[in-house]
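A, B, C and D are the chain letters, set down in written order, and residue numbers restart from 1 in every chain.
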Amino acid sequence: MKQVPLEFEQPLAVLAQQIEAIKKQLASNPELDKDVQRLQEQYNNLEKSLYANLRPIDHREIARHQQRPYARDYFERWDSEWIEMHGDRKGADDPAMVCGMVNLGDYHVLGIGTQKGRSLREKQQCNFGMPQPEGYRKALRLFHHAEKFNMPVVTLIDTPGAYPGMHAEEHNQAEAIAVNLFELSGLTVPVVAVVTGEGGSGGALAIGLANRILMLEHSVYSVISPEGCASILWRSADKVSEACEAMKMTAREILELGVVDDVIEEPLGGAHHDFDLVAKKAKETICKHLDQLTKLSREEIRRDRQQKFRNIGAFVEA
Amino acid sequence: MKQVPLEFEQPLAVLAQQIEAIKKQLASNPELDKDVQRLQEQYNNLEKSLYANLRPIDHREIARHQQRPYARDYFERWDSEWIEMHGDRKGADDPAMVCGMVNLGDYHVLGIGTQKGRSLREKQQCNFGMPQPEGYRKALRLFHHAEKFNMPVVTLIDTPGAYPGMHAEEHNQAEAIAVNLFELSGLTVPVVAVVTGEGGSGGALAIGLANRILMLEHSVYSVISPEGCASILWRSADKVSEACEAMKMTAREILELGVVDDVIEEPLGGAHHDFDLVAKKAKETICKHLDQLTKLSREEIRRDRQQKFRNIGAFVEA
Amino acid sequence: MDLKDWFDKRKKRRDDEKGKAPQPIEPSDDICALWTNCFQCRELLYTRDLRVNLHVCPKCQYHFRIGAIERIDQLADEDTFEESDANLTSSDPLKFSDTDNYPNRQREASRKSGLTEAIVTGTCKIKTYDAALGIMDFGHFGGSMGSVVGEKVTRITERAQRDKLPLIIVSSSGGARMQEGIFSLMQLAKTSSALKSFQDAGGLYISILAEPTFGGVTASFAMLGDIIIAEPGARIGFAGRRVIEQTIRQKLPADFQTAEYLLKHGQVDMVVERAKLADQLAKLIAFHKLPEKKTAVTTPDAVPARPKQPTKVS
Amino acid sequence: MDLKDWFDKRKKRRDDEKGKAPQPIEPSDDICALWTNCFQCRELLYTRDLRVNLHVCPKCQYHFRIGAIERIDQLADEDTFEESDANLTSSDPLKFSDTDNYPNRQREASRKSGLTEAIVTGTCKIKTYDAALGIMDFGHFGGSMGSVVGEKVTRITERAQRDKLPLIIVSSSGGARMQEGIFSLMQLAKTSSALKSFQDAGGLYISILAEPTFGGVTASFAMLGDIIIAEPGARIGFAGRRVIEQTIRQKLPADFQTAEYLLKHGQVDMVVERAKLADQLAKLIAFHKLPEKKTAVTTPDAVPARPKQPTKVS
């Protein structure tokens, strides 16, 4: 798959083109080899320096890269025979929420993830990864399935947020999210959530109330979209980068704030450069946490999760 | 409220007219008084004999009388300050399913009943008493409320059945009914169901899986509408009366079959002749059964209900 | 013919035929005819080929209705099915009579289906996994649910609970057994109640919906699966299509109430073609057998892939 | 001004005024102005009359937004409210700054609202019934939920669970406190989790939705009531109207996201006008206090009908 460069990667793309152009002349002009080597070195240095100095908004661009691996890409790599489960049983099957039975290492887990869609058609069906209330209720059904059969729940989060539409409001999007939080907090099976791309607001949290929250290196997680934040607080759409910075939405920042438990490294350039590697690393990290969690009793697993969220908050008690 | 006579009551109606006509002449012609007395006696005898020899289809006509008391009529009479609870929390509030908190004698009960609607507009809103899946899910929500707060559930059944429509099928009418049966069977609070009019098929049973099933004297309860039965088995719409007879759908017959626990008497002519009296009798009978049920532990209450239905069936074991 | 006899005879026949080349079968009373028209694509199919293909049209994948015995044969490992409660038969509690009486209609139904009731229940192995099984047969009395169907579903559920077996029920039903009146209706309550106990105890129930599943069966045990599978093209619903069209006075979409329509509307977990059904069931059972220890995992891969020979019935 | 001081002063004033004829009040910094235009019917209303009428327009029944103190005053029996956790204040975990920094914005919010945070919590009696109470105030920082709101909701829920009190929360919020970033979002999880424990323990939680309730508050504790009540005309939703219109590029119905619209769409149990709210709460609490014995029933009728005087604030 040919990588589509992001805006901040343009200098790299230009270098790469130059290298390609010279390489074509190599056969007739062997002494150009040195130029190629020099340029390749420049390329490598530039890439490293770019990725060593990413701004929050750059992370966000990587997190939203159109070639980024989505939930199905992980499930397929973890278990080529994973079995998808459809529907909320009450009238809808939301393609933006993918659920199924996945063999993850030695664990049988209920995998639940938002799905943005790759092709335009799939994107539209998935509302670009923004679930309807029915999607959250499908996830809820599977939470209960996991609880009944004592299976860990692994959720993959990559959503701009819950879909803001008329149908969604009429069908009580807010309740769908709230009830998921409510029920997730009561599960006695381990829940591990991974923010693989964008973690957008309540629509992300609705499958993210977990014993362990992991984030991919370039993924982001925020209470409101930077666009929304910029337009409300700065009253200017130009201030998205400032908003990204101010909200502390990158994996490393949130790890430092103590909300996230682990950050999963991505290959240089982002997860879309090597799906297999990222799926493997994610699997290892998830299993590491499952290994810890399954040592607890079921009641302890619930208490662990409740305690985790009980303690999140920053305030002064005079 | 002036009573609207049913077809089999026409002879009575004719007599009543004659009596009215003569009464008008009484002032100028006092000796007609004897005729009035004689006719009134005739009327009373005819009424008694008609009601002593009702055919199943006559019961059904009384059960479907347009002036028959509906769920709201009972709730209002039991508790003038009863509090209605609306909605399934997920997008709809089905007016065909009325739910609320009702003080019934000394009990705080969750009252749940189908509602046919009195005015044409209300009838249409209520789909003539045929709930949508959302109506059953509203009831389900209240079952859980009752379970949580240890309140008896009292259901009032008067429905031709679940609504057979495209929306209903799309939203899984079958699942809505099945899940209600499933969840009702697990409740540990007393459930008393009263068939007050028509008990039509699965749509009735969906709020009827109770510790005690009571029927009003003229109410009917059947697995399929007599029209449906006639058209399938006799292949003739004319055979409705035969179907009514064959299916054994009247209160007394079902009592004899052992499926129903008690029959509540109606005033001569049917429940619509005296709402207050019928509401009072229904209340007394329900409370009598609640008195018995609340003597059991919560687990015993559940077992009592499960055992009741475990034992229903007629078969030969060779 | 008694079901046990049938299975015995079949086993004998299979043993006899081992190693022989396939023989053309003769049309007989037992099987319909030599040639069958596909209901969907109208293709003329050689009946034996159709049977070998699990009664799925090789051209358009139309899934023909199949009887309980055929179905058991397709799902259960060879000679592992043990029937339970075969001795339960309908009584006539209402002394019901329409243009004919209920006992006569029962006899007629049994003559046509070769079964005593609209469901066969028992235990078996599915790709080596133990399971409790219930298979409805639309060919018997329209797969209608009376007291016997209700009782047998309840008993196999209780059996599954007692013996900690996964429960698998294949539904195919036109609805209620009208001739048993209120008793028929109450079977919805009885079966749902049994399933509640089973599922509260942690039992796995996989419900399979086959062409057609309607009415009381859909509104009770068929819709209560932990996992619900539909066969391709199967029509499934609560109310029948005609009743709905009469009520709403409007044409319904062509795919209304099909398995695929239900999948789209979130009512079934998956649509699985008949040829893959047994394997899928084995995978699902394996997945829900949880490893107590990490090392004790039984993955579906561990299931021996034993090729299954379709039974030749004559 | 400290909330406790405020209540003390108010009590003193009320004591002073006992037996006096009502005095015309002077406009001051504390109250807005002598006259108010109704937002809905544009009627010019004498502000004092409006206040006496619980801030409900006497002409069109428009329910004005009211502050937390006003609301407590309307719901709690006189002098029964005891505030908890008044000592919690926001910190600035992200060192957040947009066109101004977060601490400055906090000070500004407090100056406007007279409160330290967007919710006031405590215990009180409502028509003689003990209750735990949380009242949000849209006038403070748009009723946004940050760590303090989350912590106070959690603590009052834990208090209700410990002391077996019914929990009543009046929500009014524009959504998240952006300045607290991910901490703000996590308060949805924290409050919902606390409510799960409370409700598993059998606690009664009545959620009241007041104009306006949006975003994270709706998507957590506001929608988790055993009973959900909305005030007439209140706008309630997850996403804001403008965001939705931009997304679907289509005009929304005029009554979209109003309390009455939500009632029609099954999202709230009832819409209760402000004048009847305290009585309704008392009835609901009474109904859920179950008689252990038949004879020990406490019916709402047993509640003394004590006429409540609206507080005059100056």
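As a working rule, a residue touches a chain if its C-beta (ideal position, glycine included) is under 8 Å from a C-beta of that chain, and two chains touch if they have at least 3 such contacts.
If you're wondering where the values come from, they're calculated on a predicted model, not measured in any experiment.
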item: Chain hops separating subunit B from subunit A, counting only touching neighbours; value: 1
item: Separation of mean Cα positions, subunit D and subunit C [Å, integer]; value: 56
item: Inter-chain centre distance, subunit B versus subunit C - centres from mean C-alpha coordinates, in Å; value: 36
item: Between subunit A and subunit C, centroid-to-centroid distance (C-alpha), Å; value: 42
item: Junction residues of subunit A - those touching two or more other chains; value: 89-91, 170-172, 175
item: Touching two or more other chains - residue numbers and ranges from subunit C; value: 199, 223, 265-267
item: Set of all touching chain pairs, with the criterion as stated earlier; value: A-B, A-C, A-D, B-C, B-D
item: Residue ranges of subunit A in contact with subunit D within the complex; value: 162-166, 168-175, 177-179, 181-183, 185-186, 201-202, 205-206, 208-209, 221-224, 229, 232-234, 239, 242-243, 246-249, 254, 257, 259, 305-306, 309-310, 312-318
item: Partner subunit B, residues of subunit C touching it in the complex; value: 87-91, 93-94, 96-99, 146-148, 150-151, 154, 175-176, 178, 180-190, 192-197, 199-200, 215-216, 218-224, 237-240, 243-244, 247-248, 250, 252, 256-257, 265-267
item: Sites on subunit A touched by subunit C in the complex; value: 81, 83-94, 101, 103, 106-108, 134, 138, 145, 148-151, 291, 294
item: Touching residues on subunit B, where the partner in the complex is subunit A; value: 89-91, 133, 137, 170-172, 175-176
item: Interface residues, subunit D side, partner subunit B - complex; value: 199, 202, 204, 223, 226-228, 263-270, 280, 283-284, 287-288, 290-291, 294-295, 297, 299-301
